[in-house]
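Note that chain A is present in both complexes that follow, paired respectively with chain B and with chain C.
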Partner chain A sequence: MSQNKTCFFINRRSPYGSSYAQEALDMAFALSAFEHKVSLIFMDDGVLQIMRDQDPSGIGMKNISPTFRAWQDYEIENIYVEKESLEIRGMKKSDLMIEVKIIEADQLGKLIGKQDFIFND
Partner chain B sequence: MPMLHILNRSPNMRSSLQSCLRVIQKSDAIILIEDAVIAAKKDNHTEAFINNAMNVFVLEPDLKARGIQADQVIQGIELVDYKGFVKLTVKYNGVQTWS
Partner chain C sequence: MKFTIIVNNAPYQSQSSDTACKFAQALISEGHDLEQVFFYFDGVWNALVSAEPPQDDRHVIENWSQLAQENNLDLIICSTAAKRRGVGPSIAPGFKVDTLGRLSEAITLSDRVITFGGS
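Presenting the complex of A and B:
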């Protein structure tokens, strides 16, 4: 059994309504630090996590979005966004703060079939 | 008796928005706060429901937190700050939260 596993996060929650987004982020970084191969996709309300120009100062919360820029320094393998999730929210690729690969739900289905571990919430 | 209906959940995760819109009366008002502000964004798939509603407000600090700018909000929805929110709760006879 190989030491390094492929770990895939399906981030489906909005950034400030709960702590799911922050916790998935912490976990992805931790796994990456232990040299597992981490990839992730933003799906459903998760696409809002990488919306540009977030400013939660008015609701007394910490801005989680700058952390996503730090991903360049970590070895996060691939960052995806599911196409339909963007479309039904009236969002475009230009609304996003980081470079991502936009994929269809069917491609996602194929992709998750290849992973050792999937974290979905 | 005119009521203020507060929505605080994402319209994509629950059906609270649709249920509330089925129930509200013409003299009532809705305010979108927390994750419900997602419903105020132009071109989102619940826009058609919102367009049929009267007196819709959205809490601006929650919009800003999520990177949704004022010019991306559906026309006809009024932005309010926390003070405006409090004023609405006073103006209407009752307050009902749809979580």
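Presenting the complex of A and C:
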């Protein structure tokens, strides 16, 4: 059995309105810190998590953006965004605060098939 | 086969925790190993020691405690998630507070990790 597992996080939640986004990222980073091979995909409302220029001060939520600035300190394997999720929200790659690989929904099954551990929320 | 179970929902409002507990029992009775049950997000509410459901309802939290006691199981609640919600320091029997590092170990050791609840 290999020591390090491939872990895949499917982030589908808006960054605010619940604590799901923040706590799922906490788990992703923790597993990465313990040397698992972590990859993430942002899809559905999850693409809003990595949108530039967020300011949730008006609703009293903690800004999620600094989490991604710490990204470089972690060895995250791959970061994906599902193409249609961006398009139907009128967003472009340049609206995102981090470098990502854009993939089509039909590539997702193959990607998931390669992973040891899936965390979908 | 060695399993780890993750529970992401609080008891009662959803059935995730009940199902996870039954799944855990089924695993063990089929002769599989259960490495750990890890409680995350609102799942940490499953360790609430003061819960008193009506007598004609099932006691989800006691079901977990009993499962832990009978099988010498580790029921781990995430310390950060628990502190954020004010769960603990006093928690139900069989539960322990620990970090995501414990989950990381369990993932390393397990053949399968099954998640209940979350969406």
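What we mean here is this: the second predicted complex is superposed on the first by the 121 of 121 C-alpha atoms of A that agree within 3 Å, B and C clash if a C-alpha of one lies under 4 Å from a C-alpha of the other, contacts with A are read in each partner's own complex, and residues count from 1 in each chain.
Here is the rule we use: a residue touches a chain if its C-beta (ideal position, glycine included) is under 8 Å from a C-beta of that chain, and two chains touch if they have at least 3 such contacts.
Bear in mind the structure is a predicted one, so any value in this text is a computation, not a measurement.
Superposition model on chain A: chain B and chain C are shown accommodated side by side without a clash. When both complexes are overlaid on chain A, the residue A:16 reaches chain B alone and has no touch with chain C. Working from the superposition on chain A, the chain A vertex angle toward chain B and chain C, CA centres, sits at 100° in steps of 10. Legend: residue contacts after superposition of the two complexes on their common chain; A:31 is shown touching chain C, with no touch to chain B. Of all C-alpha pairs spanning chain B and chain C in the superposed arrangement, the closest lie 11 Å apart.
Under the contact criterion defined above, no residue of chain A touches both chain B in one complex and chain C in the other. On chain A, the positions that touch chain C within their shared complex are 1, 3-5, 7, 12, 19-20, 23, 26-27, 30-31, 34, 36, 116-121. Looking at the complex, you find that chain B touches chain A at residues 9-10, 12-13, 34-35, 38, 41-45, 47, 60-62, 64-69, 72. Within the complex, the chain C residues that touch chain A are 6, 8, 40-41, 80-81, 84, 99-101, 103-105, 107-109, 111, 113, 115, 118-119.
On the side of chain A, the complex with chain B involves touching residues 14-17, 44-45, 48, 51-59, 61, 65, 88-91, 95.
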